[in-house]
């Protein structure tokens, strides 16, 4: 139970097209390419998103990769 | 129906010149060039925008490219 | 007509020296140099500004260049 | 005792998946790899997190390394 | 006269040490060195500051240089 | 005396572990290493912090170096 002092912060606004676009990619487990501002690129499947991070499976058997939303330059489904 | 707990976040403020400029580029499907802070450049047509991302069609038949607004350095119509 | 649900976001605060400085550059069509965090530089005349972007005419007959305020490192009148 | 004037700022929102993911990594002292936007990488164990920083032990006997959350590109458990 | 709709935004908080430090550099016209995140460096005298920009005189007779606060890495008096 | 119109902005939240960690480094004058997103590094002693900047003494007799918190990648005590 969330304590009175630990007010819930802002939620993902699922009325936004970009949030719904990513929710759909998660739902149908679409492989995506994510390019960061630093130039790094990651291919994988997005498992979940919240207001700070995307969580991706990149290679089978490797732990989840958390990518900071503030670091993302672009994101695109791979097929 | 948006649940009581999933309050709607801030909307695109369509009274702002920059938001209206991009809405017009979307409406008349104008090809644009977008340059990111990382130096990457994308040419294409903007399909939609929200408070976090621009969605662009870059090449026919390829999935939508979501570009983070925070990553954009400059944006210009190509004609 | 702006719908009740599309509340107007924050306006340019024209009591700020930096906003008034740019408004004056716009008013008297002063050529300026804008340097971005990415190192890119643009010379031109600022047409308008809002809380997210500057709009510049860089070369005659070319479309407006929208520059993200978050990408700006420095800005200076050229004369 | 927190003075009336020193209102408590926002807390970590432990209902967010990303906050809980890191809390779990802290709880079971999982070695992680953190990559920053600048390209720097750090391996170590996260000791605590708050809304501005992660605190990591990188090598035995060395002081805590505070990493700014705004600088993080990606974070992943090492096993 | 500021219209009802153009509410004044946040002011410089002159109780903060960093704001007062810069106000003092302005008051006694101290030459400073400002280094930006992009690596660019500027020497000059700060004329004014607001919540978005510093305004510097860099060379005699040249227009004011506006530097975005978000682009600043470090700032130091030169003597 | 702070005028009615110059409302005080947010204070440092000294209940946060990261703020208290830095306050302790200030209190016992611990030499620290600060690495910025741009790759620049500074060694010195932190004199004070507020919600925008850290102020460091780097070499004896040189003026204070103000480092923007938004530019910090990592911070660590040197012993």
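A, B, C, D, E and F label the chains in the order they appear, each numbered from 1.
In the analysis below, a contact is a pair of C-beta atoms (placed from the backbone, for glycine too) under 8 Å apart; a residue touches a chain by one contact, two chains touch by 3 or more.
Values in this document were obtained by computation on a predicted structure and should not be read as measured data.
Chains that count as touching both chain A and chain C, per the definition above, are B. Compared with chain C, the chain whose C-alpha mean position is the greatest distance off is D. The chain with its C-alpha centre at the largest distance from the centre of chain E is A.
Least-squares overlay of CA atoms from chain B onto chain F yields a rotation of 180° to the nearest 5.
Averaging C-alpha coordinates per chain places the centre of chain A 32 Å away from that of chain F.
Chain C has its Cα centroid 18 Å from the Cα centroid of chain B.
In chain C, 8, 36-38, 70 are the positions where the chain touches two or more neighbouring chains simultaneously. Taken together, the touching pairs link the chains into one ring where each has two partners.
Moving round the ring of chains, first from chain D across to chain F, one meets them in the order D, F, E, C, B, A. Residues 10-11, 13-19, 21, 35-39, 69-70, 72-79 of chain B touch chain C in their complex. If you check the complex, the residues on chain E that touch chain C are 2, 5-9, 36-38, 40, 42, 48, 50-53, 55, 62-68, 70-71.
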